[in-house]
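The letters A, B, C and D name the chains in turn, as written, and every chain counts its residues from 1.
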């Protein structure tokens, strides 16, 4: 099947490659002519403009956008002027699901289908396939099934969920039509919210092990230091974190792909010296917590993981200063130096 | 190799079976004669008492305990009276690592090695193998290597961690000598602390998806209800959680064994009607948080996951009543009925 | 000075009374004619409609709204059609500061000043005075100073903050021009966010004391119950919480007005049997956490307090069921009954 | 009445002064002869040793200890050798209530009463009085009533709790016999746990206000920065935090003594430049959270406040590095510099 792909960054380019491998035709466009040329050399059909890209597709057309969230909106507007009723625009980037809902309302007035497709897979997707969470009208989603099937990982060697029988469902292939417009990015958003918490869970636990040798070090004795009641219970200053992550990969309840990556990182660089500990966040984690709040649903771990990232970048320093000031105020406590 | 196994519950019995399969000899004892008989019929050597069990082993002996934490201590005391210098006692149950440290001090005075072996695998261990986290003196741990290797999952079909070369390490087989006595149960304790948080992360996220249709339901309008600013952004009352969990199993960042189990549970019983939501905890999560506190290390997700379990059993009701009383006090607010 | 007051509920009516006491003139309107009549009998000037209210004021007019957030917007629109350049509209209710920013943009196009006035004081304000957090253009805020001064508590017998000299500032009288439109409700919003956390802090602490006698009760011994290592340290089943709250009111670091109310509630009803523990939230706490998230600022206590309120109303039950299902899945654990 | 006071640091010395003012006799001892001399010059009776101190008291004696928790135990042992059945030892320091329970068992074998007295008041206690939370046997606690009454703040000008009638109770004077040995320090421990959370609540809220002007600053646009959807809603870069804290002191729900101190600190040093934000903790907050965990009672705010202190001292850096490593692993994300 033939689609247009706009945006040939790391994600978009690899998705085109994966589609080409599976026999699809891709008309490709990017602000960088080099990016277009590169994919032309790999079998894609280049387009120098959005208009050219649309012109090289046949109705019902599919224009798939893999763009930074900040510019997706304006490109949707431009594409909408070029396509026809019955065509479809797919946003495969990291847009807010709210934008999808607004944009789907807009394109629907022109008879154009809007499909949001949350895409997980990162730099691994080309080989592993992409996990796709899809929202939008049946007409477009059903039509695009061959594309989704090619991008998704497929059944692979993941053990089948007990109780499932018959032909594997799309979800078992790694893609899912979650619901109406916005549903795809909503599910992807929550996916990332969960991801933050999973990451923090391993990080906290391993940090506890890393500090399990404090009983071997002399403690300062002063009014500003909480005493360690029984140092004999914290003698473990030699536990190899990379080995711990490795052993958990087999037979344990906490095995996961994130653990695999953690084991790899700790094996390569046991002290993680290349990192300073400033953890970025990219929007989805924030939106997940805001959704929880607006729904009136408690999500303490997901939000705590988000806040820990903020904290890693220094957001709490002024709050901490207030507490030092309060302690000085009621107890005459002087801040202890590092 | 030949060991004694005391405690033939779900875990102990299956571990014996796995050892027998691999050609080891097991002398087994349990308070239930039937449990002993059953394993005799499967090839084990029965023993009617601890003394008989010890008598049927040859020096250096290994007496492996798979007992409830509450009685492990007294059995250690009894076994210690029966064994000789050079022998080893292994605690493969869920003891606190502090007890290990204390008991190792005690047995060392008699020349007996104490090995703590945190064991993950649950009902799946017989087939999948058990992930083993081991603490104790080299002499005993090294000698028991064939036993650990048989119990552990082995390398299996888990992809090798990039950067690892040569003969697979014990950790790649699924067992690890973590450090001195207590280190095994310490690592297992943190493992469980992480497990609690991983579970809660999926649970919170899926709960947000489950409630994503609130915009479709009329909201009450009164001073006790926070208004939903834009109901149009919460229209998702048809997302199939079992399908969501399934699609995340392939190609996504959040894939894990716990997710596999979640997908299975939601497929079998989408509303989870067989459950009431009272989540037990069994000690390790508590000890993990206490270790974090005593180390002075922040572990907000791990502790929050623990507290959420307490809350699921009603621990907060009185605290909530206090807040209702405060709201009545300063604002005349009357509690709203369910 | 003369102002119009729209909305004569608990807050609005008492604010009129406080203004009348101080010699101001108030033109009052409400959808309930009885509410208008009642305040007429206390010295206010009644108005049967918004138009009549505006007609009874002289330029520059002030129309003060004390309305539910849900209808404030439409009344602002109506009032805006009735007033003239140089007049002011004051929103003293619990609107979102975002609405203030939007509405101030709108009224500014007509030369009308928009003032947002976060009002704390609840049922106590008539006698104690109202703490006022004000946003808006200087022209209107300065003009309304006599009104703010009358509504605010005044200096009273609160000890002066060391370092402050000279004539007491407005803030020392209990009102503050925080900044441009929206700043008043923003500060009030955060005030409520803090309030939630203060309330929860006392509630949690007192709940820990309430449960300090668990060591006296026999514990269940099974795999689903974490054992209490040393029951002797939890013998306190007779601590009187009302007395504890009372003793903290004098000389302690945790004394506060919320503590005063807590002490009163626990003295009157030690078991708080009139409450079920369902704690409402009314928007500001949610908006505070959303502001923290959008600012990238960590606010774990404020959000946790909010989530605890959600949890008190059952928002977590499905998440808890998922965890019970996971535990059954990996360990065969059966949910324990209450 | 006559008591012996051991430990003449900031707390002990001022308590002696407050007792002397009220006509009590104090025999005083400290490792520093100068500290003893100073108080002799103010009317106390000096003692060069514990033995001398005990010798200068008459049965039933009271030896009150105001010592660092780390050395209280050994001094109790020494005093116990010097006193007689019917005498009392009072620990007014910051000991763990568990130590009280153990020590009370020990002194009871000698007929000596052990009283634990949690003392709040810090540098302010000399003038404001000390809030006393007392545990121990009636015999000693009743006998010491005049001492407690002199140390406590007294009824003062704090408004009486509605519903209380008749002669003010000890709790209304600021001291309370909470229960048996340990109960005093238990209540004081929870008091401090609450204190941590109250402090953090104000700190978080004020920090949100401090960052409310981010909409005025250009945001970086890259994949590592979550975009701010609507900068217009964060224009507040001029709100004066000291003024905000001041205005909340009158008529608001969040007024408290900690707020008073916060207002003072922010007035004196608006940017709190003298502080770096490293917040110490001194044991009670840790013990409070441990008690919550062992009781199976949820205390998320109290523990989060504790963890925030750990985090302020860098405890999370390695955990943050793990997350940066994970992000690099699955998405090729490079850590963004500060």
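To be clear about the criterion, contacts are C-beta pairs under 8 Å (C-beta built on N, C-alpha and C of every residue); 3 or more make two chains touch, one makes a residue touch a chain.
From a predicted model like this one, the values you see are computed outputs, not experimental measurements.
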Shortest path length from subunit A to subunit C (each step joins two touching chains): 1
Remotest chain, subunit C as reference, centres from CA atoms: B
Centroid spacing, where centroids are CA-atom means, of subunit A and subunit D in whole angstrom: 44
Gap in Å, rounded to a whole number, between the CA centres of subunit D and subunit C: 28
Contacts with 2+ other chains: residues of subunit A: 122, 124, 200, 202, 204, 206-207, 211, 226, 229, 253, 257-258, 264, 281, 286, 292, 294, 296-300, 304, 308, 311, 313, 315-316, 319, 330
Of all residues in subunit B, those that touch subunit A in their complex: 97-98, 101, 120-122, 125, 128-133, 152-159, 161-164, 169-176, 178-180, 182-183, 186-187, 190-195, 197-198, 200-202, 204-209, 211-212, 214, 226, 228-229, 232-236, 238-240, 243-244, 246-260, 263-264, 267-268, 288, 291-292, 294-302, 304-305, 308
For the subunit C and subunit B complex, residues of the former touching the latter: 10, 68-70, 96, 122-124, 199-200, 202-204, 206-207, 210-211, 221, 223-227, 229, 257-258, 261-262, 264-266, 269, 272, 275-283, 285-286, 300, 304, 308-309, 311-333, 335-338
For the subunit C and subunit A complex, residues of the former touching the latter: 253, 281, 286, 289-290, 292-294, 296-300, 303-304, 306-308, 310-311, 313, 315-316, 319, 330
